[in-house]
Structure formats: structure tokens, C-alpha cells
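In the two complexes below, chain A is the common chain; its partner is chain B in one and chain C in the other.
So, the complex of A and B:
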């Protein structure tokens, strides 16, 4: 059961930032539960969104919860990351679509490290697994001007 | 009486010595005067060079302003062309990227040819301006040469060559600056024009199309 919960949590992650923020949140939550000796489920409810609470409230006990937090931090840090430089502020739905698409192509879970750079004009630059490609409109225009 | 030849020899010697000293004094005076003239000539040449550089600088600034104005006109046309390209392109179709690229190619070619025309006209204008400046310098130097005689001709010619070299260097540098400016402005305005014209949906389409192209090269499998 805890393994399935961990898997669900990792699957929910789309971006590197999200993974880092969640790991930080779990760390703070752990400290809070320790120091306040409050009921862990109550703390989860008050500190996490409905979505995450729904997943984590199925954990049988506090010890298992802390195990999940620890494993999540480790595994999220080791997830494959694709760095995408794009020219606009993307919606969460769009990021989810891209992450899903890239993970399917790569054959494993890939999270996104998104950077917005207006100078690219359109398209994107991708860095993944030590490879880089520039499919931006900026490059196309520059190439044409050469 | 015995002393008479001695005195006369002595007097002759004194006269000769005075003569030598006088000649030496005159020669020395002439040397000093030549040196003074040479220093004046140098100062004169330096002043001329400064004047020429100031004139060239003024001319280049006016050329640059004109380049900017012409480039702005060209680029304003590029901006509206880019907007119309985006609107006309079938953004949701699979041919979108290719057609956008082709349309861009056309627009850019037009802009480049207009730019080349502009740059050429500025270049010839600049060359004419510089040539006239060189002419002024050459005339000035000729007059100076007449004034100071042939002895100084060699040095003066050297200075003239130096001024010509400096002007050539200056001209090349200014033309390169104008060229760089126009290229940069062209690129920046096209960039801005296209970036502003794209909607969020079009951005998303461009990203997805680019990813699909990457799929064809197995980018995500290789990586």
C-alpha cells in the first residue's frame, strides 16, 4: 500500500519545481508533526490540498507516512528531467500534456524543468539526457538572416 | 715695426674667429628655426587630424541616424508582414510549420534585399564623405609642403599616409558599426513582431509540432 501511494505521488509530479516544493512541504510537515505532537491526519488535512490529502490519508500510520516522505524526496530527486525553454507562460494542463507525451516517448517517467524565455519567440529548446536541440523560432529567424 | 706682422696676423685670426663664430651662430639659429618650424608642422598636422576625425565623427553620426530611420521604415513593414503571415497560416494544420517557415523566408529575403540597398547607399555616401575629407587633408598638406620646402617633404608625406590610414580604419569601423546596427534591428524587430503576433494556442501548437519533429529523430529514445 505505501508503495502504491508513493507511486501515485510521483506520477502526479509534472515539473522539477513541483517536486522540490512538495519535498520541502513534506519536510516541514514532518517537523511540524514531530514538534506539535498533533494528530498527523489533522496536520495533513490542514497543510495539504484536498488532492494530496486524499492520497496520503490512506497511509496506515505516522511511521509509514514519514517513510513515504523520505522515499518521495529521494526518488523525486532521481527522476529523469527534460529541460524545456519556451517562449510563453504555459498552463498546468499544457505542461501535464507535454510531460505525459515525453514520458511516453522516453518509456519512463520524465519531469519538466520549464524556463520561460520570450526571446525564443516560439517553439522550444530541449535538453534531455545530455542532448540538446534548438527548435525555436528565434533560431529559424537567425538562420534565415545569415 | 717688428710687431706689425704679428699684430696683423693676430687681427686676421680674430676676424676669422669672429667670422666662424658668426657663421656658427647663424647656422645654429637656422637649426633652431627649422626645429621650431618642424614642431609647428607637427602641431599643425595633429590639429588637422583632430579636425578631420571630428568631421568624420559628425558625418558618421548623421549617417547612423539616417540608417536608423531607414531601418525603422523597413522594419515597420516587416512587422505588419509578420502579423499577416501568422494570420494567414493554417495554425492548426500539420503544414503550419512549413508554411510559416516558407512565408518567413520570403519576408526575410525581401527585408534583406531592402536592407542591402540601404546599406549600399550609406556606404557609398560615407565613402564620398570620407574621400572629400581626405581631399581637404591632401590640399592642406600640399600647401604646408610648399611653405616649408622639400627638406621636410618626406616627414610630411609620412604624416599624410598616416592620416589616410587612420581615416581608412575609421571608415571601415563606422561602416561595420552601421552594418551591425541594421542587422541587429532587423532581427530584433522581426523577433518582436512574431512573438507579439502569436497567441497562446499558437505557441502550444508550435511546441507540440516541434516535439513531434523530435520524435521523428528518436530524440527522447536516444537521450
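So, the complex of A and C:
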């Protein structure tokens, strides 16, 4: 059961920032649960959003919850990352589709490291697994000017 | 810079990210097609050379002092490390990457610029010329220092380690040897490895001071890395110097290359290796320190270039501590070269200049290329010094000395006086022989050391100014193949000049 919960949590994250934020949130939550006399489930409910609470409330006990937090931090840090340089602020749906596509191509879970760079004008640059692909409008314009 | 980085990314379609920095080593992932020794460029413009390839990361030696951040991107350049070489660098001082150093240039000499047509780029790491392209050392090399030229002579293409404690007169000898050779038409390259800026400046002034500069300044290149430079830059210095030497060799010039000093180079390489967590060996030096130094020195020698002989004479320097000759790096260098000159600090303190210890110094090929006359003079002088040194040992016990012993000790003093040479004095090869010819003629037998020094100074003046003296001296030397013959042939000169 805890393994399935961990898997669900990892599947939910799309970007590197999300992974870092969540790991930080879990760390704070752990400290709060330690310091507070209230029930750990109450703390979960007050600190996490509904969707995360729905996943984590199925954990049988406090010890298992802490194990999940610890494992999540470790595994999120070791996930493969693809860097995306994009000319615009991407929507969640967009990132979700890209992440799905890259993960499918790579054959394993890949999270995204997003960098917004207006000078690309349009399109994106993908850096993954040591390979670099430039599909930006900036490059296309430069090529056509050449 | 940004465009160059983007063009590398586009050209190879490969990218890497910095994961760890322990200056000067940088670790990164990515760049699946990278090769050992390839140059990489970071997005801030810094450049590095790939020094290690592991399954999951690359080890990169940062060639600049620019700070590289964790997470920054890097791209392959597809090139090996190259340095600019060319005639345009003659008479100038540059850093190991070929950039002009901020020492005041001599009047009328602009700093070297990489845009010059005289400059080309060469790989700094190249395979040494094979045996078919080499020739045995067959020509004598005159250093202008009598004690070396007669007792521990060198040949063109020889590799001879210069050993000695700090401040024992090594640099003064090397500068004289370099100037003497450049005066004969060779190209001189003086490479300073990780010394203080004060030492760099002193050496620069000694090599390029006005009176030298007019004579030979245009034949010397100084490559300097200071102690505060990045370790990678100091490590690269001897490679750059050797690459420069190879360029001039390929043009058919003889080159004299001084690497000052290789013990510092070994220490810098040790620092880099330990930071890279490479397995340490003896005295914590990495296991490949021998091959690293041998690979540099193996590029020197005597070569055949377009049917003619051209040599790179390499004089690596090794600093000893309190005369310790069995130090790891010193013994390594001794075993990969053709001999060593030992500058003895005890002799230096006794006032001997140069403080070369002829009994400990070794030259493996130098004697073979000497003329019979020079060899004979050397053997006789060394044998006299040797017996005098033994006799002096017994004289310490206060025994009464007989006439022959006193005579031997007096002769020893006189030979030492003849070998005495100030730091800026170069004694031409023929004059060295003439001085010994006069000595063996017994004309100076009653002179004191001071009187001999005065006589030599006058003879030097006469030799420099009097063409007849030079011609007669040369003629006497050409007709002699032993000390005995020289003494006989010098009788005419004796009357006139002594």
C-alpha cells in the first residue's frame, strides 16, 4: 500500500519545481506533526490540498507516512530531468502533454525543468539525456536570414 | 561568446550540465559523444578540457579562472587544446594559452596578437617523433659557462635536468646557457612554471634587458605561469612551451627549451589529481606522474627535418630540498633524461660561482660530441680536482704537506678561479680552451686566485676586441688535439698576451 501511494505521488509531479516544492512541503509537515499534539491526519488535512490529502489519508499510520515522505524526497531527486527552454509561460495542460510524450519516448518517468526565455520568440529548446534540440522560432529566423 | 556557445550546441546537438565544482575540476553529465582531451565550452564563456570520462559523468579541467556554477550548461567544441605558435611571439612574454602578459613590452615591440598571419594553432599534446625521424646527438652545445662546457658538457638535442636547492644559481646558469645559444642562432624558450610574479619579472628582465635584447632578444620567447594562476594553466605551461619548440624545430631551427621547474609542475598535477580523488601513489603523487613528465621530455631530442638536423635541447629544472637527490620527482626526471647538472648549495655558500658540483653531475651524451682537445682538458681538470679533493681531506688532520701536495692544492685553487664566472658573463668556447692552455703552460703557477681572475678579465677584453687574438687562438685550437699540443701551439700567444 505505501508503495502504491508513493508511485501515485511521483506520477503526479510534472516539473522539477513541483518536486522540490512538494519535498519541502513534506519536510515542513513532518516537523509540524512532531511539534503538534493534534492527530497527524488533522495536520495533513489542514496543510495539504484536497487531492494530496485524498492520496495520503490512505496511509495506515504516522510511521508509514514519514517513510513515504523520505522515499519521495530521495526518488524525486533521482528522477531524470529534461530541460525545456520556452518562449512563453506554459499551461499545466501543455506541460502535462510534453511530460507524457518525453516519458513515453524515454521509457521511464521524466520531469521537466522549465526555463522561460523570451528571446526564443516562439517554440522551444529541449535538452535531455545529453542531447539538444532547438525548435525555437529564433533559430528558424536566424537560419532563414543566413 | 554566446553565439559561439550556441553554434557548438547546434553543431553537435549535445548538451551537458554541471553537477559539481571543485576548482579547477568540474563534473558534469550529458555530452554522450565527448572524447578525452576535447575542449568544452560553458555557457558563461569559460573553457575546459575533458580530463576524465566516467560512466555517468565527465571530469573537466577548467582552463580559465572564471567561476562556473552548478547547473550551468556546457557544449562540445570537437577540438583538442590548441595554442597559438609562431614567429610573432619571438621577443615576447606570453601565458600558457598564448596570450600576451601584462609585463611592459620592450620599446617598439607590440604585444603578440593572435590575428597575426605569422601565428598558427597547434595541438599541445602530440605524439613524440618516432625513431626514424631522430638522429643521435652529434653536435656540442656551448652554454658559455666554462665549468659546464668542460666538465659536464652538453650536446644539441640532449635532455639534461638542472638540479639544486633554492637560490643555488640554477636560473643564472640557465639564462646564460639560453643567451649563449640564442647568440649562436638557436631559438630560446624559457618556460616558468608556477613561480611568483617577482621571479617572472626578474627572469624577464634578465632575458630581455636592453644589452641582451639588442643582441638576442628577438630569438627568445618566455612562457610564464604564475603561482596564482589556475592550476590547469600552470599544468599546461610545459606543454605549450614544448609545442612552441616543435614549431621552430619544424622550421629547421635548433631550440633550447628551459622548463623551470618540473617539481612545481608535479606538485600542481598532484593537487589536481587529489582533488579529482584519483588514487594516490608514492608521496601522494598520482601513479602516472612518471609518464606525464616522460611524455613531455620525449618530445625533445635531435631530429631530421627536411634532410637537415634540428634539435630541441631540453633543460628541465628540479628543485631539491637540502641537496636531497633521491627525492621521488628528482629521481624520476634523472631516469628519463640524459644526465643532470647539480648546483650545490654548500659550494654556493663557499662562494663558488657557478656552484656546479662536477663530481655529482652526469652527462650521458655530452662527452661523445666534444672535440678531443676539449675532452682532454676536461679529463685533466676533473682528475686534478678529484685528487686535490682527496688530498684536502687528509690535509684536515694537520699533517705536514709535502711540495707536490701543496702544488696540487694550489692548482686546484687556480682551476676554481678559472671556472669562476659572474652571473652575466658568457665565456666563448674557444676562450675557455685558451684559458686552460695558459694554465697548463704553467705560466700562472705563482699567481693567486685574485691575480688569475684579473688576468682572465683582461684576456676576455682582449679576446672580444682583438681580431688577431681570436684568429690566432682559433688556429692554435684547430691544430691541437690534446692539452700537450695546445700548450705547444699557444707559445706565440703566451708571449704577447700573458
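Everything below uses one rule, namely that the second predicted complex is superposed on the first by the 146 of 146 C-alpha atoms of A that agree within 3 Å, B and C clash if a C-alpha of one lies under 4 Å from a C-alpha of the other, contacts with A are read in each partner's own complex, and residues count from 1 in each chain.
Keep this in mind: a contact is a pair of C-beta atoms (placed from the backbone, for glycine too) under 8 Å apart; a residue touches a chain by one contact, two chains touch by 3 or more.
Owing to the predicted nature of the structure, the values given are computational and were not obtained by experimental measurement.
The superposition on chain A brings chain B alongside chain C with room for both. Figure note: vertex chain A, arms to chain B and chain C, all at CA centres after fitting on chain A; angle 50 degrees, rounded to a multiple of 10.
Of the two partner chains placed by the overlay, chain B and chain C both lie in contact with A:131.
In the overlay built on the shared chain, the residue A:4 is in contact with neither chain B nor chain C. In the superposition on chain A, contact is made by A:101 with chain B only, not with chain C.
Between chain B and chain C, more residues of chain A are touched by B.
Of the two partner chains, neither chain B nor chain C is touched by A:27. Once the two complexes are overlaid on the shared chain, A:141 sits against chain B while remaining clear of chain C. Remark: least CA distance from chain B to chain C after fitting both complexes onto chain A is 8 Å. Overlap of the chain B and chain C interfaces on chain A comprises residues 129-131, 133. By the touch rule above, chain C contacts chain A in their complex via residues 9-10, 13-17, 29-32, 73, 75. Touching chain B in their complex are the following residues of chain A: 82, 86-88, 90-91, 94, 98, 101-102, 105-107, 110, 118-119, 121-124, 126, 128-131, 133, 135, 137-138, 140-142, 144-145.
Partner chain A is touched in their complex by these residues of chain B: 101, 104-105, 108, 112, 183, 186-187, 190-191, 194-195, 198, 200, 202-204, 206-211, 213-215, 219-223. Taken in their complex, chain A has these residues touching chain C: 83, 127, 129-134, 139.
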